[in-house]
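Multiple structures are listed underneath, in structure tokens.
The two complexes that follow have subunit A in common; it is paired with subunit B in the first and with subunit C in the second.
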Partner chain A sequence: MSTITFDPETLESLQQQKSTRPWRKKPNRFTASVTLAVVIPALIVSALYLTSDIPVPILLVVIYLPLQLIASGIAAWATKGTRGIADSVIIVNAIGASLFSVIVLVSIIGSLIVRGLRAVSPHFLFQNSVYISPSTPLDYGGIGHSLVGTLLIVFIASLISVPIGIATAVYITEVRGRAVPYVRFFVQAMSGVPSVVAGLFILTIVVATGAFNQSAFAGGLAYAILMLPTVARTAEEVLKLVPDDLRTGALALGSTRARTVLRVVIPAARTGIITAIILGVARVIGETAPLLLAAGNNDQTVVNPFGSPISSVPTYIFNNVALPYPDAVARAWGSALVLIILVAILFTLARIIGRGRVGR
Partner chain B sequence: MANLAQMELRDLQSAATSHRGDRVFSRTVAGAAFTSLAVLAGIAIFLGLQAIPAFQTQGWAFLTTTGWDINTTPPTVGIFGMLYGSVLLAVIGLVIAVPASLLLAVFMVFLSPPRLAKVLTNLIDLMAAIPSVILGLWAFYILNPTAEEWQVLLNKYLGWIPIFENTSGNFLGTPFIAGFVLAIMMIPIITAVTREVLSRTPPDLINASEALGCSLWTMLRYVALPYGRGGIVGGVMLGLGRALGETIAVFFVLKIVFETNWDKVIESGGGSVATLIVSRFGEVSGPLELQLLLAAGFFLFIMTLVVNVIANLIVSRTGRLQK
Partner chain C sequence: MSTAEFEDVMDLDIEGVEASTAHPAGPTEMESRDVSVWFGQRKVLEGVNIAFPKNTVTALIGPSGCGKSTFIRTLNRLHELIPGAALAGSVLYEGKDIYDAAVDPVHIRLQIGMVFQKPNPFPSMTIRGNVLSGLKLSGMKRANHDDIVEETLTAAGLWNEVKDRLGNAAGDLSGGQQQRLVIARALAVQPHVLLMDEPCSALDPASTLKIEETIRELSKEVTIIIVTHNMQQAVRVSDYTAFFLSEEGTPGHVVEQGATTEIFGNPQEQRTLDYVNGRFG
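And now, the complex of A and B:
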């Protein structure tokens, strides 16, 4: 995922634009008509909701939205003339779309917290599922084995993809060979590989050939494919921020190119590179399909990365979602809560570190 | 030698590259940089090799028919319904996600107070970070009952439109629900790109349009949207690429059927290549069926690769134009 920032200059000029129009005082008529346009449709729909038994979706889509559009249109026409009507349509729909997205997000996070907290307890984080069947009460068992598996797989994926990702970024920003546009193109194309295809690929070349079982190593390879583009692209952005003075300075002191990169440029971008790694980990940590194919499943705690199938948090959730036992489903919600908290921690870390002294 | 002041950093670096260690370093780094190409080629070759036997037994029927019967000899297998299903789900997702994302981006850039826009940006980033398995879990337990209600109403009042027909009375596992989940995955991607593009509209152009008496709508219509068109289209294609490859979230809400569901969006049952792979993999009957799944994966890879390459070309070209 690429981090996108507001261009501060644009933002400022947009704000200025609003504040530098002192002649545009909002007349009372404007305030009054906007208030009426908001209140009247809401009142009508609330009254209908309380008195009739029209289903809520119909009430919202067939009655409230058109009413609100008409009311806003009239308000806009009263204050700005016919020109305002199209604006009012956009504004109503834009606010509607924003509310829709916020409601979806609140529903997801809220349900995770409400349903997930039932299962989460200290033993849920540390025990494994060896003696646990789907109907076992929540007093026993946990996702300790899956957490160990996820950590192991992510660690292996990082070991593989971080050096390659940084080297790719170094090639683009430091070596600046002739193939830079192609390398960038391939990295971007690679970021679009579906996760299930990455899993199938590793399954074909590692598991099906008999080189290794389904294991943390195979899972880590599949994760590495998904992680590499994120690490490479973020590291590229970060290395670009390192001032050229540092490079020329090192070269002028007689340092070789390799030493310039390894001893000056990369250390200067250290915090940014850590951010790149964290973003890469956050990108893959919830991926399920590649692990279903390449890492398999296990109820025991596995620490050997090569020998046997291994559990992970996403596959644990996957296996418990649709079981007809309330406690198994509660475990799925609990581990989903743990997973989203892990992702949130990683993103927060990346933001805090990234805000630091990158390339200064 | 050229004027020293005009020397580029690259020249300076190559002037320093007589050292042997440097040559080794450059080559190592260049080698690593081509890992992405090697992986892409590896996927194409190894999955492509697996697709050959599938083609030998099935011929073009593998791509043009729909069915999954392993027990006949040779097995009669076709993934057309799955490929078409992937596209249908993505289109349903786009129909929901594109207007929502555009409006959301317009709200964030032109309408909302900056502080609210910042909060919304963080929320949308959070939405993008939700793993698909969690989205699937939510969709299975929370969205399903609600969406079932919506679809019953759609069918009741708009059932005379062919796409809203439902003869089975079963409103779960429909393309509509799966497409809705895909829309939730696409909204953050499309919104992020669109917001970025819209916020780069030169303020001078916006000021000028206001001075000429443009309203918000005319400004969007004649200034901001034409200016950001390429970026927006690219963002939509990136979302599309993501939707075509999505596996797990769709797995929980779509009933996979081996018939081509052409247009019945609220009828139970549909197809998706990615989901087919995961759902058959658990009960795979032998090397032959595995090979067929790998062949399906090959075509999924090609499909998403094409979409992504086009998307990236569009995005990078508009990036250049704007500079």
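And now, the complex of A and C:
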């Protein structure tokens, strides 16, 4: 075996090598035309914005986007020839579409903050609305009762729909029984049930029959109907991703099918299953119609899931947003802001739980 | 191939076995009798008769697609999990047919362990958890879990590398370590037979060598049946060899079997000679 040796001079020049990214270097005319393609449309649109009354969305979609497409197309043609044009069209559209969704999200959160932030305060989170009328100033009252209601209803809905949803997914992917196509079809059909229909259904068979009052339980049942297909379908997808090697591996160790599913397959898909639950909660947490029908409304804080009608954040928003009192409207927007923060907190918690790794 | 020709081959097989009397076999632990296998309408294996003497290593060799892996999976009833799978003949374990209606496949798989081509440790468990997973999954009760972990990991040649990090995730190990972990996992339930389906095909030479040492060591107490594409490996680890072949779309069958020294040193069949010398397959 021979060793490679360098003479001292080569060695020194090797040690002085700097890391570079040659593929990033572009001829100057590239840089120039790309800069022009970025700056010119932006300048034109800024000028129009300052001098005319064209609404911003129209300005962006009808004027800026086509202008940017043309400018990038010309720049691409100038630098890479005709084959560059298709590239530039795809890139501009992709960037535009991603920007668009970011803008939508940012403006939703922005409008919530602008209109609702003045209603949010510590007592807004913890007090209920007893003795509070729509004209009461923001110094009094809050949505504590609605937050408790929403959490209780979502908890009950999860308690019902998560086990059933996961069991359905296990039937489809693990048991692989004869009814799989039918089960899959019904789950799919169920995801198309409008939320108001779920509410009406529970109102008819649970509340109107006198079995239960309008309550957190009845509201939870309505939510469960809406959550179930989302949980089941997402769980099915993640269970399918678990390699068959693990199933045969467990069976080869003398495991029963039930133990294989409970101790190997589901733990291996844990993160995905938590995602399935998150998606289910996200699907329902803002639904208003089912709760107007099945859970009712209340100004007091209710913790008994069966006793009496209960408030929730969506129904609180619904009841306040259209009132002719600025403070009531501000409360509604404030509640919407709190609801979105609540969802963010739930998601973060679920992610943290789901990330927990084995060992250590 | 005609039936007559086939019987011809079978005769040669039997001669092959007789030729191996220089290596006296112990009592038979497992035996396949006229095992034929179908996937749907397609017959993939025909009339496989092999006896596996207790505490020996038998290598199953042959080109890809000749049904070796399929055959080994009939020995612990994993074959039946594939939709459309069918089988004829019988597989005897300690003299009893494992396909008897009264036999619980879970019970069979507990005594006939298996190691797969691709290491498949359970990702949701720690190294220690993986070793003990067979006990949990099968509901088997064994005392002194710490001892079991040390014994089986030592037997699999992994103990020294992992003894200080038994609580780490199994996924942190290298491929070769994972495969030895899976072997330890299979040993923890104390199987009488260990099936190995190309256990080294995804491993580097050093890991392969370690696993081969492990196999030789284990064969003092366990009957091992190993599928391998590596001729040198078959020679190094096995006492007996069966050569499988599937010619021109015919179902796979055993061309020749017997003591490994005979199959590699003095094969009776031209096709065996060609295969073990790397002239086809």
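Here is the rule we go by: the second predicted complex is superposed on the first by the 233 of 360 C-alpha atoms of A that agree within 3 Å, B and C clash if a C-alpha of one lies under 4 Å from a C-alpha of the other, contacts with A are read in each partner's own complex, and residues count from 1 in each chain.
By our rule, contacts are C-beta pairs under 8 Å (C-beta built on N, C-alpha and C of every residue); 3 or more make two chains touch, one makes a residue touch a chain.
Please read these numbers as outputs of a predicted model, since none were measured by experiment.
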{"item": "Touching partner for A:105 - first (subunit B), second (subunit C), both, neither", "value": "first"}
{"item": "Touched partner set for A:243, first subunit B, second subunit C, both or neither", "value": "second"}
{"item": "First, second, both or neither for A:270, with subunit B first and subunit C second", "value": "second"}
{"item": "Which superposed partner A:95 touches (first subunit B, second subunit C, both, neither)", "value": "first"}
{"item": "Partner with the higher number of touched subunit A residues, subunit C or subunit B", "value": "B"}
{"item": "Partner chain(s) touched by A:251 [first = subunit B, second = subunit C, both, neither]", "value": "both"}
{"item": "Subunit B versus subunit C as contact partner of A:314, first or second or both or neither", "value": "first"}
{"item": "Interface residues of subunit A shared between complexes with subunit B and subunit C", "value": "248, 251, 255-256, 260"}
{"item": "List of subunit A residues in touch with subunit C within their complex", "value": "243, 245-246, 248-256, 259-260, 263-264, 267-268, 270, 357-360"}
{"item": "Residues on subunit B engaged by subunit A in the complex (per definition of touch)", "value": "9-10, 12-13, 16-17, 19, 21-22, 24-26, 28-30, 32-37, 39-40, 42-43, 46-47, 50, 99-101, 103-104, 106-112, 114, 117-118, 120-121, 123-138, 140-142, 149-150, 153, 157, 184, 187, 191-193, 195-196, 199-201, 203, 206-207, 210, 215-218, 220, 238, 241-242, 244-248, 252, 274, 277-278, 281-282, 290, 293-294, 297, 300-301, 304-305, 307-309, 311-312"}
{"item": "Subunit A-facing residues of subunit C, complex", "value": "76, 78, 81, 106-107, 109-111, 113-114, 116, 118, 120, 122-127, 129, 133-134, 136-140, 167-172, 182, 185-186, 189"}
{"item": "Residue ranges of subunit A in contact with subunit B within the complex", "value": "1-4, 6-7, 10-11, 13-15, 17, 55, 57-58, 80, 83-84, 86-87, 89-91, 93-98, 100-102, 104-105, 107-109, 111-112, 115, 163-164, 167-168, 170-172, 174-177, 179, 182-183, 185-198, 200-201, 203-205, 208, 225, 228-229, 232, 244, 247-248, 251, 255-258, 260-261, 282, 285-289, 292-293, 314, 317-318, 321-322, 329, 332-333, 336, 339-340, 343-344, 347"}
